[in-house]
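The next part holds the structures, each set out as structure tokens.
Across the two complexes that follow, subunit A remains constant while its partner is subunit B and subsequently subunit C.
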Partner chain A sequence: MAPAPRKAMSEPGLWWLCLPAAAVFVVFFVIPVASLFGLSFNKSVAGVISYSNELTFDNFVRIFTRATYYEAILRSIWIAAVVSVTSLAFGYPLAYLIAKTTHPGRNTLLMILVLSSMQLDMVIRLFGLMVLFGDNGLINGFLLYLGLISRPLPLMYNTFGVIVGLVQITLPFMVLSLIGIIKAIHPSLEEAARSLGASRLQAFFSIVLPLSMPGILAGALLVFALSISSYVVPALMGGWKVIVLPIHIYQQIAEVGRWQFGAAIAVVLFVTSVIAVAIYHQAAARTSGGRT
Partner chain B sequence: MSDIQLKNLTKSYGTYTAVAGIDLKIGEGEFFSLLGPSGCGKSTTLRMIAGFIRPTSGEIFIGSDEVTALPPEKRDIGIVFQNYAIFPHMSVAENIAFGLKLRKRPKEEVRSKVKAALQQVGLAGYEDRYQRQLSGGEQQRVALARVLVTEPRILLLDEPLSALDKSLREEMKYWIKDLQKRLGITTVYVTHDQDEALTMSDRIGVMQKARVVQVGTPEEIYERPKTLFVTTFIGHSNVIDVTVVSKGPDMMVVLDGRKLPTRGPENLEAGRAAKLVVRPENVLINPDARASVTLSAKVIGESYQGAIVRYRLGIGAQEIIAERQNSIGNERFSPGAEVMIGWDPGMTEVLAT
Partner chain C sequence: MHEESNVPSVFKAIAFLSLAILLVPMAVVVLAGLNSGDYLTFPPQGLSLRWIKAFLTSPTFLSAYGVSFVVALGATLVSTLFGTMAAVFLSRSSSGSVPVLRGFFMLPIVLPGVVLGLALYVFFVSSGVGLARTMPGLLIGHILVTCPFVIATVTASLVGFDRSLEEAARSLGAGPVTAFRLVTLKIIAPAISAGSIFAFIVSFGQFELTLFLTAPDLQTLPSAMYTSMRYKFEPTAAAAGIFAIALVVISMVVTSRLVNLKKIFER
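The block that comes next holds the complex of A and B.
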């Protein structure tokens, strides 16, 4: 019986509260990104950033006619999807545990553990992973020492490494999206289900999981968006061998200096991400009965 | 339908004892209330019967089956929570069908039983509504329908009326009691509200500090309280300092220098200080011959309550309360007036301090 949230915008005299954030958003996000996207319709010339009035779709034609680019699109979507599912699989049990831990000390400790992984810079965390995962890293070194393997397992510089890196980075976001939602599910709902004859597992799948859907959807979307746009993780954990769209963008702009073509890839990445999210949202809304 | 037996039921959390060795036998078809202030252990007791809390020691029987170690889903119970716990992602029909589907009943049977259950609670045609479209009273009826449709052996109600507003609470009180009588289902009702317990129950168990201090019919609990806690927790009571003169059924006590007949337990020896308990509605002002005990008193204050008028009266240094029906012809008294007060000794009780 949650009361319908009041719409702040409909409160007379409060609309100006959104002005500071809107200003920051427009000046530092909308204008730069829009101007970059505008560049994508110019002819690609290395080292030139200024606009010309000659509009062309050459850059986009190039992206969709060269396998290296559209394969990167599919790879980006696939990796982001796998990371979302994996992050959910690892994040849900942890979020459930934290949500159900009523002991304040233990609860705080678990929250600190989750948040502490966000305290370090991403690059440092990834270097840590590399120490663990490299060919001469701790895992391979240990297995080689035990004689369980004769040559190092390929843990890094491949898709697997990228996915592990992304899951590691995105897990806290997933957990944080879920905790609040799971906490809001009143324990008496689970108890009511139990008293009506549901086992612990049946109560979880028929009550707790469906009611967690808003958190699952939000967390998965967040993780998907973070993963598909990540440059650092594929660069470090993929060792330039796992080529996703952000890597192409970086190469085109920072290495070749072709801003217009890099911008075109960025547009494609953005549109791809929006379409994927829209499709996902539609599907999710259907499975959860429009309760998102 | 089954009776319920609790044998030396105990629950402790570390050094804190929530429920301390409760022995109770609740008869088949009985409406039994556990009444007490918050933190007295009544909810913990109910949750142990339901199976949500494992007792530290003791045994629970439903009918002839020991259920102490069984999980809630194997106990064949129905419980209605304070917040009703309607599943928000299911329609009313799906909520009620939940228990039947778990029992793998055929679709046709489920549909007809859901319909009959809604009829029974007066919500026919509510099948497709969702929790957010229901009022508190309607949610409660759905919660009851959801429970009753599975034909549980016992019904547990955990403060089911406390979230409703006053007028609806009055209505639901009688409605639940009627339904329970009609079905003849053994019911344990947890409440901190003495009115609910008195009007609805066949018997009441009054709990205080993890223990059941008195079990009895509403009349016994109200008129024959065994402890000062019971008499002050249930209704208002005047608790007057007296000294015991002689013990037993023909007990005499001294109040304000006068010897008064009353009744009390055998263990109060002559000469001891004790408490004389008398309900405000039994204190008569300027009584007629019915009152065999009379005292002079002084009106200290008058408070108008609508149906009744409440007087604060001074007897010596002590103050007592008297309530009078505000009927036509009933005289009113102003503060400062000298009056006679009296009561029937049979309506008083002497309790140890």
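The block that comes next holds the complex of A and C.
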């Protein structure tokens, strides 16, 4: 770098700092993802993976006209929507509790618990869930032991199991999206409502809940995007009986060898989650309202 | 504590239920790994170190643990270096491209892991670079998903940074690089450590991305656990899980001492 005067550490001379990361991202992210998009417009030939210039919409036509595929799209969207709502119902009270916990030690403890459960390998957490929810699992074992049921309840290897798994995995993301916005709501607003005779719950539903709407929307859409793109949860908790888009992608590639068609499903999945994330970003922009 | 008593009791009840949803599966993994039977049932059969021993002598799991460790270490080193450099640029430059770049660097964690893994695999195979299902190929995938965490953590700490400190050093005769090294780097060092810890954990727990990038002789810990869970469901996987849980909890406690966790994760 040339010995620039005074402002040497500021704007113009620093662009090179960005180069290594940008180079890695362009070569190994932008180009591969763009190529995958390109491949999805090639004719699907089993076992062949090379690009041709003949573009066709065949793969996409097939996805939207064959019941197995478009039903998988609808199933994916439906499951992700149910997970968003469930995750919100469980996540909001926890986020509220963390936001209102002023004791620094307790607050850090709660944050560590939430973050650890977010960062821990999903496969390990699913192991725990499978031991709990299986036919011979702890929950069924406990209920049988008490004599409350005579046959194991079907808690896993079905849609219910997939939803349970996804809620477990997305809950920390929901909680983290909500804490900030709940904290930003001034307590005096709630107090004012209470002093006017509202009960704690009334004050909550008429003041706090409406004001936290942007965070709720943001969290729900983040959870939606995470749920719709999950492969490991439907594979393990659904036992390959709940066929969603990521399962189709894996089957097309690993079992049938139809790269182009697998790529097309990946594109559909990607576009669906990009739409969710785009809405999420707009919601987030409104949430911060100039704070960032 | 008076604020906490303001939380309606219905909320407290659900909040504790949510904590249970988050933590019980982890506790179950620990129990399953320490259980003496073949399968954790109710009522449990008693404690034993049998599965821990099985894990410590299992060639599959041990080598998977080794692969995960090496990949996580490599990805962390590269991501920390490249990510910190990019973060310095992103927080100092006033160029109009900064917000776009910032969003661009977050993309790999937004893209579904299966899609990113597939895109990389197709790219490696079709371009004939010989990276498909190899260690360097796996490493590249991990760098893409860990770099965003370093960039986010370090950028967050640089946002509130007082530039006049660095200028003071410069006015006392330090060159730009020396001033940066002695002043700025010292101050953002905790954030860099925190970012690299995040990178390590994210890489260590990465599964969906690696679906198409691993090979039978190149399995990471999550992929070895996944295989075992789909076909055998042996408690050895739980014993392996105990070591991973310990790693994550310790890292989070260390991170919480280094940086303000909320600053990074709260929007």
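One rule holds in what follows: the second predicted complex is superposed on the first by the 239 of 292 C-alpha atoms of A that agree within 3 Å, B and C clash if a C-alpha of one lies under 4 Å from a C-alpha of the other, contacts with A are read in each partner's own complex, and residues count from 1 in each chain.
Criterion: a residue touches a chain if its C-beta (ideal position, glycine included) is under 8 Å from a C-beta of that chain, and two chains touch if they have at least 3 such contacts.
Nothing here was measured: the structure is a model prediction, and the numbers come from that model.
Of the two partner chains, subunit C is the only one touched by A:Leu113; subunit B is not. Set side by side, subunit B and subunit C differ in how many residues of subunit A they touch, and the one touching more is C. Of the two partner chains placed around the shared chain by superposition, subunit C is the only one that A:Ser35 touches, whereas subunit B remains out of contact. In the overlay built on the shared chain, the residue A:Ala193 is in contact with subunit B alone; subunit C does not reach it. Residue contacts after overlaying the shared chain place A:Phe270 against subunit C, while subunit B stays out of touching range. In the superposed pair of complexes, A:Lys43 makes contact with neither subunit B nor subunit C. With both structures placed on the common chain, the touch criterion links A:Arg66 to neither subunit B nor subunit C.
Residues common to the contacts of subunit A with subunit B and with subunit C across the two structures: 200, 288. Looking at the complex, you find that subunit A touches subunit C at residues 6, 8-11, 14-15, 17-18, 20-22, 24-25, 28-29, 31-33, 35-36, 39, 49-51, 89-91, 93-94, 96-97, 100-103, 108, 111-117, 119-132, 136, 138, 141-142, 145, 167-168, 171-172, 175-177, 179-181, 183, 187, 190, 200-201, 204, 215, 218, 225, 228-232, 235-236, 246, 249-250, 253-254, 259, 262-263, 266, 269-270, 273-274, 277, 284, 287-288. The touching residues of subunit B, counted against subunit A in their complex, run 50-52, 71-73, 75, 77-79, 81-83, 85, 87-89, 98-99, 102-103, 131-132, 134, 136, 139, 143, 146-147, 150.
Of all residues in subunit A, those touching subunit B in their complex are 1-2, 186, 188-189, 191-200, 202, 206-207, 210-211, 288-289, 291. Those residues of subunit C whose C-beta lies close enough to touch subunit A in the complex are 1, 3-4, 6-8, 10-15, 17-19, 21-29, 32, 39-43, 81-83, 85-86, 88-90, 92-95, 101, 104-105, 107-108, 110-116, 118-120, 122-123, 125-126, 140-141, 143-144, 147, 151, 166, 170, 176, 179-180, 198, 201-202, 204-208, 211-212, 221-222, 225-226, 229-230, 233, 237-238, 241, 244-245, 248-249, 251-253, 256, 261-262, 265-267.
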